[in-house]
Structure formats: C-alpha cells, structure tokens
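A single structure is presented below for examination.
All chains are identified by letter, namely A, B, C, D and E, in their written order; residue positions are counted from 1 within each chain.
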Amino acid sequence: MAKKRSKKFQKKIGQVPGTVIYTGEKSTRDLFIEVFNYDKDNYIEKNFSNVDECFDFRQSNTVTWINLNGLNHVSQIEKIGEHFSIHPLVLEDIVNISQRPKIDIYDDYLFVVVKMLYYDTNEKIISEQVSLVLGENYVLSFQEAEGDVFDSLRDRIRNAQGRIRTQQADYLLYALMDAVVDHYFNIIEILSDKIEDFETDIFSGNVHEHFNKDIQDLKREILRVRRAIFPIREVISRIEKHESPLINKKTIAYYRDIYDHLIQVAENIDIYREMIWSLMDMYMTSISNKMNEVMKVLTIMASIFIPLTFIAGIYGMNFDYIPELRYKYAYFILWGVLIVIFVALLWFFKRKKWL
Amino acid sequence: MAKKRSKKFQKKIGQVPGTVIYTGEKSTRDLFIEVFNYDKDNYIEKNFSNVDECFDFRQSNTVTWINLNGLNHVSQIEKIGEHFSIHPLVLEDIVNISQRPKIDIYDDYLFVVVKMLYYDTNEKIISEQVSLVLGENYVLSFQEAEGDVFDSLRDRIRNAQGRIRTQQADYLLYALMDAVVDHYFNIIEILSDKIEDFETDIFSGNVHEHFNKDIQDLKREILRVRRAIFPIREVISRIEKHESPLINKKTIAYYRDIYDHLIQVAENIDIYREMIWSLMDMYMTSISNKMNEVMKVLTIMASIFIPLTFIAGIYGMNFDYIPELRYKYAYFILWGVLIVIFVALLWFFKRKKWL
Amino acid sequence: MAKKRSKKFQKKIGQVPGTVIYTGEKSTRDLFIEVFNYDKDNYIEKNFSNVDECFDFRQSNTVTWINLNGLNHVSQIEKIGEHFSIHPLVLEDIVNISQRPKIDIYDDYLFVVVKMLYYDTNEKIISEQVSLVLGENYVLSFQEAEGDVFDSLRDRIRNAQGRIRTQQADYLLYALMDAVVDHYFNIIEILSDKIEDFETDIFSGNVHEHFNKDIQDLKREILRVRRAIFPIREVISRIEKHESPLINKKTIAYYRDIYDHLIQVAENIDIYREMIWSLMDMYMTSISNKMNEVMKVLTIMASIFIPLTFIAGIYGMNFDYIPELRYKYAYFILWGVLIVIFVALLWFFKRKKWL
Amino acid sequence: MAKKRSKKFQKKIGQVPGTVIYTGEKSTRDLFIEVFNYDKDNYIEKNFSNVDECFDFRQSNTVTWINLNGLNHVSQIEKIGEHFSIHPLVLEDIVNISQRPKIDIYDDYLFVVVKMLYYDTNEKIISEQVSLVLGENYVLSFQEAEGDVFDSLRDRIRNAQGRIRTQQADYLLYALMDAVVDHYFNIIEILSDKIEDFETDIFSGNVHEHFNKDIQDLKREILRVRRAIFPIREVISRIEKHESPLINKKTIAYYRDIYDHLIQVAENIDIYREMIWSLMDMYMTSISNKMNEVMKVLTIMASIFIPLTFIAGIYGMNFDYIPELRYKYAYFILWGVLIVIFVALLWFFKRKKWL
Amino acid sequence: MAKKRSKKFQKKIGQVPGTVIYTGEKSTRDLFIEVFNYDKDNYIEKNFSNVDECFDFRQSNTVTWINLNGLNHVSQIEKIGEHFSIHPLVLEDIVNISQRPKIDIYDDYLFVVVKMLYYDTNEKIISEQVSLVLGENYVLSFQEAEGDVFDSLRDRIRNAQGRIRTQQADYLLYALMDAVVDHYFNIIEILSDKIEDFETDIFSGNVHEHFNKDIQDLKREILRVRRAIFPIREVISRIEKHESPLINKKTIAYYRDIYDHLIQVAENIDIYREMIWSLMDMYMTSISNKMNEVMKVLTIMASIFIPLTFIAGIYGMNFDYIPELRYKYAYFILWGVLIVIFVALLWFFKRKKWL
C-alpha cells in the first residue's frame, strides 16, 4: 500500500515551507526555454536550454514571453525566480504539480496557476499544470514538459495576426489562458460522447460486464475535470475585480470573455454530473426490468406445467380402484382437460400482459 | 466519433479572439434586414438585403429598430459593427450561436443575448439565439433565420398600439425581451403536459418499452430549457441595478415585470425537475410492485400444486405393500384430502392478502 | 392537447404590456365593493356595486379600506386605478391571477400580492389571489370572488377591538396580511394529517392501489403551497428593510411578527417535503419486505416438497429389479425417511429465521 | 380528524394581534414565581405566587432575576408586561408555546425565546419553551411549568460561585442560555446512541417488525431537535453583532462560547441526519441481501431436484417397451447417474459461491 | 447505556462557565514541557516538568515556544494562563478536548484550536487536539500527550534551517499549523486507498460479510475528518482578514499557503464523500445483478425440466387405454421429442442472452 500512495500527494511532510521541490515524476527531460520578444513592429523568437541566456530580453518597451518547459530543473527555476524577484512560495507552487488553480496577487506581479487538460491516446484525461507570472512587461510560463496548446498563439505573434502584437503583457496573459480554456470544450465534448454511449448501451440492453466500473470511472473523471476548471472562475473574477495595475481596463473585456466560456463549460459539467447520477438510476431500473422479465418466464412456465403435472400424477397412482382409469376414452378426455387448462392459463397471463 | 462531435461546440480552438466566425450550420440563406423607424407620430418600415442601405435611418430624434436575419452573412455583420462602433468581442458573440444568455454593459451601448425557445413540429425544443444591442436611439437585433416571436410587436409599432410609439429605444429593448420571455410560458406548458402524460402512463401501468429513454430525454430537455432561461434573470437584475444611462428610470418597472415572469417560469421548471426525479422513483416502485405481483402468482401456483403433486407421487410408488392402495374408497378419500389441502392453502394466501 | 393547455398560463402571448386582462375563469359574478372608513372614534361601512360611488370616502384624516370582489370587472378596476393613479402594470398584475406573491414599491403606494389558501370540500387546496395596495391613508384589496378570511378583521373594525381603529393604514395592511398568513397554519395542519395517514397506511401494510398516485399528488400539493408561501417572506423583509415612508417604524414590529409565522410555516413545509421523500423510501422498503416474505413462502414450500417428490418419483419407477420395493415394511420406512427430511428442512428454515 | 388537529398549532385564526392567549394544554397549575436579587456582596431569594409582590425587588444597583412558572396565568403575565413596559406582541409570544427560537431587540430590552429540550421517562423528547427578557438590570424568565435546567445556576448565585455575582444582568442572561444549551449535549448523546442501536440491529440482521416506523420516528425526532436548536445560532450572532447597549462588550466572549457549543451540536445533528439516510440505504441493502439468500436456497433446491425428478419420471412411464427397465442392474446404475448429477450441480453452485 | 454515553461529550452539565476541567480520559501521564527560545543567532532548548520554571524564558527580543504535553495537569495550565493573562474561557477550551477547531481573537493574543489527525496501528483515525496561543513574542502549544507532528519543525529551529529563526512568533504559529495541515494529506491518501479497495471489492464481486458495516464506518470516518478539517479554513481566513497586529503582513502569504492546502484537502474529502455514496449505489446494483443471475439459473432449470417432467408424468399414467404405450418405438420417439423440447428451450434462453 505504501508504494501505491507515494504517487498522489507529493508534498513532503515536514518540508521547510518555501522549499522548491519538484513533485512530478522524476525524469531526465532537458530544459527547453522559448523566448518571444515583440512589439508592434518587431519580434524576436529564440530557444535556449539555460535560463541565464534569456534575461537580456527583458526590456521595458517590448513584451517578453519566456516559456519554460521542464519543471524538473529546479535550480534553473530558482534562478529565474531570483532574477524576477518572485516570492519563494510562488516558486514552490510552480514545481508542485498538484497545485489547485489559483491566483496570487503580489505588488509587482500576478501569479496564476491553471490546468491544461487533454485526452491521451487511451482516452484518459491528462492534466498538466501551467503556471503563469505576469509582470510589468513580461509573462513567464512554466510547463511540465514540451507540447502544449499555444501553437496558434505563437503563429499569431509571428504573423502579427489579430491584436496580440499591438497589446501589452496583460493581453498576452489573457491569450495564454484563453488557449487553455478553449481546449476545455474539447474535453466536455468527449465527456458528452461518453455519456451518450452509456445511455445507448443501457437503452439497447447491451450492458457489458464492467459497466458499473466504467460508469464509476467516468464519474471520477468528471469530478477531476470539475476540480481543474471550477477554481479558474474565481481566478478570472479576481482579475476583473481587483484591478491590479498590471491589468489594463481595456483588457478586462477579454477576461470577461474567458469567464463566459468557463461558465458555459462549468454548466455543461454540472449537467453531465446530474446525467451520470440519472444514468445510474436508469441502469438500476433496467436491471429490475430484466429481473421482471426473467421472473415472468419462470412464473409462466411453472404456473402452467406444475398443475398439469399434478393431474398427470393423479392418474399415475396405483390405487386398485380408480374408476376413470378403466374408461376407454378417459385418456383422450384427459388430454382435452389438460389443453383447456393450458389455454386458460395462457389467456390469464395474456390478460395480465405478461406475454 | 469525430464527426459526431463537430456539431456541438463550434468555437474553433486556437482562433484569434475577436474573430467573427459564424458557428451555426452553414447555409445559403439570404440576408434579410428589416428596419423600423418611428416616433410618436410617424413610422417607416423598410426591408433590405444589404446593410449599407439601412444606415441612413439612424437619426437622433426617432427610434430605429434594425432586425437582421441570417448570421451566416458575417461580413455584413462586421460592417454594421463598424458603423455602430461595436466591440469585436460582441460581434464574435453575436455569430457564436452557442453563446449563453448574458448582458455586457459598454459605455455607449448594452449587449444582450437571449434564447428564443419553441417546439418544432416533432415536439422537439428548438433554441434560437437572439442578440440585441441597445444604443442611444436604436436597437439592433440579430437572428439566425427568419421567423420569430416579434409579429405582435411589429403590429403594435405599425398601429401605434399601446405605449411603444411614445417611448424610447430602451422600451423597445424591453418589448423585444418581453416577447421572447412570454413564449417561455408556452414551453413550460408543453413540459407540464409531458410530465402529466408520463404520470398517467406510470399509474395506469401502461409503460411502453422506451419509457426509460423518454424520461431521460425529457430530463435533458428540462435541463436545456433551464440553461436557456435561468441566466436571463441575472441579465434583467443587472439592467435594474446598473442604471446605465441608456435605460430610463421609468422603464425599469417594465423590466421588473419581465423579471417576475422569469421567476415564475424558473420556479415551474424547478418543480418539473423535482417531479421528474419523483417520477423515476414512482416508476421504480411500480416495477417492484409488478414483480411482487408476478412473484405472488408463482408462489401461489407452486405452493399449492407442489405438495399435491407430492401426495400423488406417493401413491404412484410401486411398493409391493402399500395398504391404502387396496382400500376401495381410498381414491375418493385422497381426493377429499387433496381438496382440503387446496382450500386450506387458498385460505392461507387469502389471509395474507395475496389473493 | 391544445385544449388541456389553455387553462394554465393565461398570459396572452403577444399581448401589449400593461393591458389589463382578467386571466381567471370567465364568470358572470357581480361586482361587490365594501368600503370601511374609520378613525379612532367613528366608522362607516358601505357596500356598492360600482366603483364610482366609493371614491368620496377617501379623506386624509381617516383610514379607508376599499375591498373589491370580482376581478372579471376589468373596466371598473381600471377606473379605480385611474382614480388612485396606479401604474398600468400593477393593474395588469391585479387581474392576472397566476401572479407570484411579490411586492412592488412605488413612490406613492406599495403593491403587494399574496395568496389566500384554503381547502375546499373535496380536501383540494384552493389558492385565491389577493392584491393589496397601500396608499397614504387607504388600502385597496382585490379578490377574485366573495368569501375570504377577513371576517374577524371586519368585526375588530366594527367593534373597535384591539388596536386597529387607533392605527394608520399601514396597520390595516398588516392586519390583512396577518389574516391571510394565519390561515396557512390551517393548511399545514391538514398536510401534516395527510402525511400521518400515509405513514399509518404504510406501516400497517394497508396500502391501496392508488397509493403511488396519492403520494405524488400530495407532493405536488406541498410544492404548490410552498410556491404560494415562500415568496411572501421576501415581501415582508422588503417591507422591514425598505422603510418606505408609508410604513411607520412602530408598525414594523407587527410585520416582523408575520415574518416569524411565515418562517414557522416554511419550516414545517420543508419538513413535510423531506418526510414525503422519506415516505417514498419507506414504501419502497415495505414493498421489498413483502417480496421477501412472498419469496420465503415459495422457497419453503418448494424446498420441502420438491425433494420429497423426487423420492416418491424414485419408487414410482418401473424397473424390474428394485429390491426395496419387495421389502414388506419398505413403505413405512420410506414414510419415516420422508418425515425426517421434512422435519430437518423445517428446522433448517427455522434456524434461518424464515419461519 | 378535526380533533386530532386541534393540538398542533394553537394560534387562533382571526385572533386580534397582540392578544395574550396561552396556547399550551389547559391546566390548573399554580403560578410559581422565584425572585433572585443580588450583587457582589448580598443576595435575596424569595418565592411568590402573585406577581405584584415581586415588583419591589427591581432596583437599579442590583441584578434581579424573576423566574415565572405557569404560562396559563395569562393575566399575571400581562401585569408583569405592563410593569416592565413590554410590547404586547412579546407577551403574545411568551404564552404561545409553539414559538420559534428568536430574538427581538427593542430599545429598552431584549426578548429571547429558546427551547429547553429533555427526554422524558419514555425516551421521548420534550420541548419546553423558555422566554427571556433582558432589561437594564433585570432578567425575566417564563417557563411553562416548574422543573428546569437552572438548578446549578441557582446554586452559583447562592454560593457566589464563579463570576455570576460580580457580573451584570447580561451575564445572567448568558448563564441562563448556557444552561439550556448545555443540556442539548445530553440530547445528541441519546440520539447518537439510538443511531448506533439501529446500526447494530441492521448489521446483526436483528431487525424487528417496527423497524421502518422506528427509524421514521427517529428521523422526525432529529428534525424536531434541529428546528429547536438551529435558530438559536442566529439569536446569538445577532447578540454578538447588534451590540445592543444592554450587552457589555466583555460579556460577548461568553456568548461566543455558547455559539461554539451550538455549532458543535448543530454539526452533530447534521451528521446524524446524514447517517439516518445512510441507515435507510443500509437497511434496503440488507433486505436485498436477504432476498438474495432466500433465492439462492430456492434455486439450489429446485435446480438440483427438478432434473432428478424428471429422470425418475422417465422410468415411471408405462411404455411396453423400455429396454433399460429390464436390465438387472439398471436401478443401481440409475442411482449412480443421479448421484453424479447431484454432485455436479453442487460443484457448480459451489463454484458460483452460492454455497 | 449510561456508561456508553459518558465518553462522548464530557462538558459537565451545570458546570460554572470558565471552569477549567480536563475532559479527556483520566490518566497519570506526567507533565512534559518543552521550551524553545531563539532568535536569528542563538537558540536554547530546555525541558521541564513544572510550568514555573519556564516563565523566565519569555523575553521581548526573542521568540519563545512553550510546548506543554499533558492536559490532565489542569492546575499547571491555570498557572500558565495566569502568567500570560489568558481568559478563563480559553483555558476551559484548551482542556476540553472535544473543542471544535476555531480562532478567538483577543486584544493581546490569538487563540487557535486545531486537530492533529493520524492513523493508529489499527488503521483507526486518532484525533488529538492542539491548542495554540500566539502572543507578542511567544507561542504556547498544548497537547494531550507526547508524540506529535512537529519534529521536523524542531530540527529546523535547531539547525536554523529555512526562514524560521529569522522570523517572528507569527511565523512560528504558521509553522506549527502548517505541520498539522501537512499531515492531513496523509489521511486523505489512506482514505483514497480505502475507497479504492472497496471499489475493487465490489467490482470483483469479492464482497465479504461486513461490507455494509465497513462502508458505514468509512463514511463516518470521512465525516469525522471533515469536521476536523473544514472549520480550519475559517480560522485561516479570519487570520488573513482580521489583520490582528500580531500577524505581520508579510507572514499572511504563508497563511494563504495553508489555506490553499486546506482547500485541496477539503475538495478531496468532498469527492470521497460523493464517491462513497456512489459506492453504495454500485453495491446495490451489484446485489441486484447477482440476484438476476440467481434468478436466471433457477428460471432456466425450472423452465426446461418442468415441462419435460410433465410429459414423463403423462406416460406414467395408468389408464387402461393409452395407445402410444403399446407402440414399440414410442419410448425412443418420446426421447426424441424430449430432446427437441430441451434444445428449443435452450435456444430460446440463448436468444434472450440468459446463457
């Protein structure tokens, strides 16, 4: 059991608060740092494998996006933290991948944690933590590994598509969060399909052995997605309300747009949740219905043939004196009686709508 | 599966925010624009198929209602947006038909999204998005397709019936929303009928094969209606509270009236929801009751005839020495015994109220 | 279906807002108007059948109560509305009998809608709408038909009993609402009795055929009462808070008293609701218990006699050589064996506590 | 039915508001008045049977506690009310024993209603209303009958134990409420024991006939306790917040202490409630489990002996030509076959874990 | 029963408020007092068995942590209380081990109660109360017995590890609470494992006899953990908001970190709770599924052999004239018929998917 446990909550008990310890799976992944530096007219894109090299890019009149992949490189992250004077607790949260989505508002920067959700090839939900730090004219993003949902954003920066190049760092933060939230629609579509598949299975009576387990797994999946998505609503509404000087008033309309999407996603998830409960009920009902059917077959068969067998038993008795036995047409008359009883019982069950 | 999904959430992932992309079904429907321009004494009504033509009608001393049908004509909508200086995010929301009912309050205009609900000929609920923009002296309305719930409103403008011609644009917005909300009563009446039909079916034992599925469909329908209607309450209460200069204080009483209707609709929907859950329980109970009845028949038949058959079996044995067999009246006595047992068991079941 | 629907929500779709249309059942009931005009020392009571006659009674230094029965006389109501300068939306609400309890606070008057609940002779709940308008020194009350819960109040005015004659119009409004709310205790008592009857039925196993339907009806009844009563709490708390100049500070203690009663009623209703759900569970359990009992009888009968029948069957076989058959006491020994098996099985079921 | 009802809600319909009418059971109990008058150094304790005599004790520099037993002596209570200028609605509430716990804050005094709960000798919960009025330097308490939870408080006053004698009237009010709330722990302990007893019964399968009814009774008991206890939390928090001049700031810490106890009691009650629901589920499950067991016995017995009986039936047939019948060892071979089938079926059920 | 009760709520009824009475199990455990006194550069650690000796350590420029084990030494605790001028109600709460987690904010100190949770060797949850008092430059902690979760904190003080030695007493309070909360992750991991074990058991059909009881125990365990953990959220948020002068603004970020952990724990607990309910449903469903299987076996066996037995019974009759009996191949033909019926019924059940 001890071994099983060790994976879930990696916060080391008794660890000094503010210690920056990576809680994900140990890996030898290389550090990969992307830097985008742009303003309306120019943009530079560089890749590094060492944080020191990227510090030059921070200038006051351009927007700098430093995207770091590989949370296992703790010392490098501490170096960044020092350079941008980020609170040790923030660094601890960045590398603690079981962090809950949240926002911490410091004087000089905002710290936002969100969860990137996607289905892997086995149709299992993968949740990857993305930490975002918004400063005066820069955004830092931290991801566990390469591969993310930001490709279209990169293109928009490269091609000066949309508003991105004309806006400040607060818009860049919005664009990153928007990309994450947009992907949630993907998730809820797959969830919706899964629920529909369950429904179809139940209604077609085509319920396989692991149905109970699968439905429980789906319920847990929905709970996990819920947990990843719901707290972000509060993140956004604190951005809207707090009016940190780092967020321009004009950008807030965009954040409100994310908020609308989140509400839409959240509503869907709650509906799915209710539908899962309802599916359980349906399943229970369908089991009972089946049992009813089984019982009816049994009842009909037994109720028809047990009395008939009784009658046959009567005339199998060896009493010396049973007058009917001597009568020549008795056997045929008996058959008549049996058939009458048979038909009468059939009619009885028919009237009860059991047939 | 991929194909199935593509219909539900058409927000393109990775799309530049503020891009105006129609998310409904592609269609070749023509653009159809209606313009009403009126004040107390005069009114003009014109139809166009091109937005440029309708811009002349906007004057400061009359109320102008521009009703646009055909959200697939994205470029025309963008032209309108430009002319009335509407924020790109608003235009994106107008053509994104999976938008949630909401209000966005800008300095120069209000943007309201509501859902027009009606049953189609197959008794399926159709939800059509209506976007409304209230400006200084105009209201823009955007609908997916022709055909709506505003005919009586048009007549009132034409005939100067009621207050409409003597009021400002804020009253026109109210009148449009009121027409939408009034139709919800239609919906809840049909829902109420459907629930009553289910009840009657359950209580009369007349439950067809797809009952489970139908009840699940109804539940989903109620959830959908709920989702379309509930957020509008917040829309109205923000109109009441915010006191945007575009809404006159005197008109607020009218909005409060819509609010009352919405509360009434919402209450009904919540009652229906509870009744559906309760119907499920009733259904479950009725299944169990039926099984009980089936079991009783089986038990009565088996419990009566199995012992009798046993007795008949005894006297069918071929032992050389069974004294009863030789006795002349044994057979008739046996019949007496069998009948006594039969009657006793019947009486037993009668006393247990199983008969 | 269309016909069935037409009764429930009479708000005409597309109707001009503020149109005063009676939504109750059409009737030819006569208009009946009562007027009470009183101060500390004097009181006048008059009955009319025409509103014009009652306008003289409004004076600044006495309290006037105009009680109008017969909402079908729409034009008369409009005349009153005009005389007291009441907003058209208020008049529309007065005659729309599916109105939800609410309060609208206007500058010159308060408009309150409450529901008068009572059981008719068939033990069905009747809900009658009472609209109340409190002005400077008058109260208007509007009822669908004659017959109400205000008789004791009338007596108190006539006999100068209690404080009523020494108080202002705000106290009269209180007294009217108090009379309505007092009657709710009646309702919840009957509900309580009905629930107890159900319980007794379930526990005594005396469950008739329509049990399922009756319990569903009761649930719906409770939901309806809830809907009539719960919103009034908000009405009162808005009266308490808003401190409209029409309500004297000293009278608020009395309104708080109504509030306490409403909370008490509301608590009871919620308890009844929970108990109904719990009754459903009990009922389900009792069905299962019964099935258990049925199954036990079947199992005992079948398990005892099927093996015995088998043994009898063995010795009914016609093999040429079955040594036991020839033995003289075989038959009696067999009976011994059968009885031993019989007793052993009985003992087995006894030990399992099935007997 | 009418008779049954008359006990529950004694508020007379149509009664003049502020009329002081005792709603408890009519009784001829004598009035019993206790007066404690104390300060740091002295204390006087007197008993009376008439309120007039106790008015002298009210002095400005000592604390006076007047404890009145016997709410049926309405006129005496009215006399007290007059003497201390208490609002008629308060007096009405004092003698209306179906009052909900609440606080009314008047300018000169606080009015608090709480419920004293205890189990009678039949283990039924008795709820007795205690009304408390806190004035400048006095506390009035009103109880239905003699016998209460205040004995230890009396001792503390007599013996100058604890802080009581050095404190003002607001501390006395606290001490009274504290005594009442302390007794709730008694109640929840008994409830806890009852639930445990139910659990033990279910798990030991030792479920008597009235189980369903008893569990329903317990549920109702919990609902009643809940209703008596929960509103007091609001009473306390209003005392804490309102900062009526009658409550010294230093005493508030004590009230907060009651609040903590109430939260603890309330939490327990909610847990019990959830556990009761869960017990119902357990019970349902245990019924199903039992039915399963019954069914297994039936299935095993029937499935084993029905095929065997069939085989015996075959060789009981009277065909002229059945070759096996003539074979000498056929009978013994048949027994072998029967035993093989018997063992095979046993093994089959064993493998299915039904045995 | 009386004996059973005496353990749960030890608050003595009628006890003088502010009386310091230990409510845990009586024990003869010795008092054990640890004192840590440190600043940036120095630290002293001493152990005592008498409170008097530890008072010298309180100085204004160092942080003092006095950790007292052994709540049964009430008089010693009162002595401490006197020395640090702590309110008697606080002392009462310290030794009342059924206290709910809470914070009381006094002018000179904060009083915090939390629950230390851990599993004992029998996998039962032990909850130990830890009371913390934060004063100007000291923290007092009170524990029932030796053995706690603070060892790593002690090491950090000794080795000047992390920030602890450079911070004030408010950070020490944080560090203590953090250590307690960190241990909760342990608890929820074990809970999570237990739930998974239940699931595995249900899905593998490997449900032992006490399943019902075990699941109920787990539910109760979760309720208890919930009750211990949830109120701490309010404690923290009051620390954050209240901005008592004892908490430095810079330390609040650390408290917020605890808050995040608590939310995470709380979310998990709520998910576990929902999953337990869902497990109950699964269990119920699995019982029904099993019964279905049992019924199918019975139905198949009975439905096949009862008709066959009937046929055999027919030809066991002793009528003088049954023509078939005389036909030479009749017996073999009959076997053919029996086999045909047997196969047909098998095919019938196969088609119904019961086989």
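The definition used in the following text is that contacts are C-beta pairs under 8 Å (C-beta built on N, C-alpha and C of every residue); 3 or more make two chains touch, one makes a residue touch a chain.
Composition by chain, UniProt nomenclature: A, B, C, D, E = Magnesium transport protein CorA.
Remember, predicted model here, so these are calculated numbers, not experimental data.
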Which chains make contact with chain A and with chain C at once? B
For chain D superposed on chain E via Cα atoms, how large is the rotation, as a multiple of 5°? 70
Counting residue numbers used by both copies over all numbers at the interface, does the chain C-chain D contact come out same (over half shared) or different (under half)? different
With centres defined as the mean C-alpha position, give me the chain A-chain B separation in Å. 26
Hey, how far is the Cα centre of chain B from the one of chain D, in Å? 42
Could you say which residues in chain C touch two or more other chains, in rising order? 284, 288, 291, 295, 298, 302, 306, 309, 313, 316-318, 322
Chain contact graph, described as a line, ring, star, complete graph or other shape: ring
Could you list all chains around the ring, opening with chain A and heading toward chain B first? A, B, C, D, E
Contacts from chain D onto chain E in the complex sit at residues 149, 151-153, 156, 161-164, 174-175, 178-179, 182-183, 185-186, 188-190, 192-193, 199, 202-203, 253-254, 256-257, 260-261, 263-264, 267, 271, 274-275, 278, 281-282, 284-286, 288-289, 291-292, 295-296, 298-299, 302-303, 306-307, 309-310, 313-314, 316-323, 352, 354
Give the list of chain A residues in touch with chain E in this complex. 1, 4-5, 8-9, 11, 13-19, 87, 89, 93, 98-100, 102, 104, 210, 212-213, 216, 219-220, 223, 227, 280, 283-284, 287-288, 290-291, 294-295, 297-298, 301-302, 305-306, 308-309, 312-313, 315-318, 322, 324-331, 334
